[in-house]
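My questions all concern the structure below.
The first chain written gets the first letter, and so on, giving A, B, C, D, E and F; residue counts start at 1 in each chain.
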Amino acid sequence: MSDIKLAFVVQRPQYKGETSRLAITHAIAYQTVEILLEDGQTVTPKLCFIGEGVLGLQKGQNAMDLYGITSTESHMKNALLVDLDVLVCKEDLAKYGIPEAAMPSAEEMGADKSIQIVPFTEIQKAVEEAKHVLFF
Amino acid sequence: MKLGVFVSDFTLTTDTLERFKADKLGIILVQNGVYHATTKENGKASSLLDKTPNLYALSEDIQIRGMKDADVDKRVKVVNYGDVVDLIFNEYDKIAWL
Amino acid sequence: MGNLTIGCYPGLVGSMTYDFALKLADAAATKGHKVSIWFSGNATGSVKANQKHLKDYSTGEKYLKALLEKGVEICTCEACTVARGVKKDEGIPGIQWNAMHWYLAKIYSADRVLLIGGE
Amino acid sequence: MGNLTIGCYPGLVGSMTYDFALKLADAAATKGHKVSIWFSGNATGSVKANQKHLKDYSTGEKYLKALLEKGVEICTCEACTVARGVKKDEGIPGIQWNAMHWYLAKIYSADRVLLIGGE
Amino acid sequence: MSDIKLAFVVQRPQYKGETSRLAITHAIAYQTVEILLEDGQTVTPKLCFIGEGVLGLQKGQNAMDLYGITSTESHMKNALLVDLDVLVCKEDLAKYGIPEAAMPSAEEMGADKSIQIVPFTEIQKAVEEAKHVLFF
Amino acid sequence: MKLGVFVSDFTLTTDTLERFKADKLGIILVQNGVYHATTKENGKASSLLDKTPNLYALSEDIQIRGMKDADVDKRVKVVNYGDVVDLIFNEYDKIAWL
């Protein structure tokens, strides 16, 4: 039985290239990795947003109608539905004037988890506790 | 010259816009550039909005980010793709994407 | 009516700058302007036929075909395209393949030029 | 000897970040380390076979084949790849096609992980 | 007989993505555009480097051995050989401490033109005089 | 933690490197990141070089730009790909590309 902790840190704005979106989908893949691992082996990413990485997370996105693609909001909800820890830096939301209430929620879809708005020190801690860190 | 400039990023990595002089300058905010119109960093509107009275932001790129036309700074006119075409042909003679 | 030449260099998937170029071309053609598009750099990958449209990714094929039908001329930089492993017979029919002077020739008669360099 | 897993997202041509990923993988394999490479995003376009190497453009095919021969495992994100119009039978033989959990599984046993997100 | 003047302005460093290099090759293509135009029609680009665009122009580049690609230096020489006007911003070379003598020359290959190191005002003028401006 | 960071650009668009604390920090300059080691902007060396004594720059990426190892700031060690592999495995336990 062993778990490998990872920190995925998104530092660039959503809808800027593909990388920031791939952070979310790669983190979600933790849910299916068991088919490639031995019994009891797990990988647990924490998905962290800092700096301009907090831009483009707001709810109310209209990506499918306008551009024919899944919205970042929808990816974020999926992340919550598969019980990922999602940390968004409190100082950076404040810096850009984004209300904490604007963060997406998947509660009505049955998610147990919510987006955690945390001071940067919590994200530093996630990075320290992880075996590997991946910056997007 | 009448120069229409598209700005597609929030953090700009060049100072090109600061350096060139134009008799008439238009700034069209698209993609992550729309944050210049919607977002106050540390309570302060983007300094880009002080550069010219001719400011535009693309409605679709505001909406895809979950923001509303009402979130846009009052100095900035919200436009659609058709409006952008008219701006290009009627208001400016040179067009740049920075 | 005017003549707009767009140079588009960013890739099909990810940045949505590519999508912007196509939507602008469509809006201009709809208003009756003559439009031509030049693909270079990563954008040239987008001329490959039979793109699979997954809902998480932009796709170009449907929109390119619609633009061609509206009379928009589209040309890809041949060298950039084959360097990406896409051969001419794998391309979307109706898209031209040529060298960089195609773009300069279109610019010659253009009223407005927009180069979207990307990156 | 260690185990290095590289995630590489930038495209084959242009930025030379892709070249960096391959050169680092080669240097690590040469020293006897176990290396695996995961391609996602624009990097997935690079698994197409029969790339034409013009001297103005980076090319991946020759280097990818050399890495495979050295025992480096390489896998491309299937969704990202087909979204770019590249089908499995058009790919370089020996490169694996899988979903994102392949990368996480490699990370599980890695001593060092380098994600090159690009852009 | 009519000539269309263009200004190509490179504002990003060489070897950063493909775009800055494509500026040079696209400008060079002015030499062969006549096959697609009527007699007497010409297109004349001026190739201008400003800001970080001046980085990566120095002579002595070793791109073919190290990365298997043509160097920017070699492209610059080709531009001079086909008589393009190449303007490099004097203030920006000074800002980055790049000696003017480090700029490539194609004199020994028979080029009549040299790289012109000019104050920014000359580049502003090239942009004003051009019918179209293309930023790379 | 012992964090080894690759820097591949001259103008950085994030302040990530400023924010995370590491017990041991290494900075490996690659691609256009090598300009931090070779270029003084307005006569001043890059502030990145003040962040840690553990500074490295990739020789190949210096040479491709027409510069020489002698152009490199004395605080920075010039390394090749093999050296980078050793740094990754022997000196740092987490690796980041910013």
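In this text, contacts are C-beta pairs under 8 Å (C-beta built on N, C-alpha and C of every residue); 3 or more make two chains touch, one makes a residue touch a chain.
The model shown is predicted, which means the values in this text are computed figures rather than measured ones.
The chains in contact with chain A as well as with chain F are B, D. Shared residue numbers account for over half of those found at the interface formed by chain C and chain D, and the copies are therefore classed as meeting with the same residues.
Of all chains, the one whose Cα centroid sits at the greatest distance from that of chain E is A.
Distance between chain B and chain D, defined via averaged C-alpha coordinates, is recorded as 38 Å. With centres taken as mean Cα positions, chain E sits 25 Å from chain C.
Averaged C-alpha coordinates put the centre of chain B at 28 Å from the centre of chain E. In chain C, the positions touching at least two other chains are 13-16, 41-42, 53, 56-57, 59, 112-113, 115, 117, 119. Along chain B, residues 11, 13, 31, 60, 95-97 each make contact with two or more other chains.
Residue positions of chain A with contacts to 2 or more other chains are 12, 15-19, 25, 52, 67, 132-135.
Pairwise chain contacts in this structure: A-B, A-C, A-D, A-F, B-C, B-E, B-F, C-D, C-E, D-E, D-F, E-F. Those residues of chain C whose C-beta lies close enough to touch chain A in the complex are 13-16, 19, 53, 55-59. Listed in rising order, the residues of chain D touching chain A in the complex are 7, 9, 40-42, 99-105, 107-108, 110, 112-113, 115, 117-119. Remark: chain C residues 2, 4, 15-17, 20, 23-24, 26-28, 30-31, 33, 111-117 touch chain B in the complex. For chain B in complex with chain E, the residues that touch the partner chain are 1, 3, 13-16, 19-21, 94-98. Interface residues of chain E, counted against chain B in their complex, comprise 9, 11-12, 50-52, 120, 124, 127-128, 130-135.
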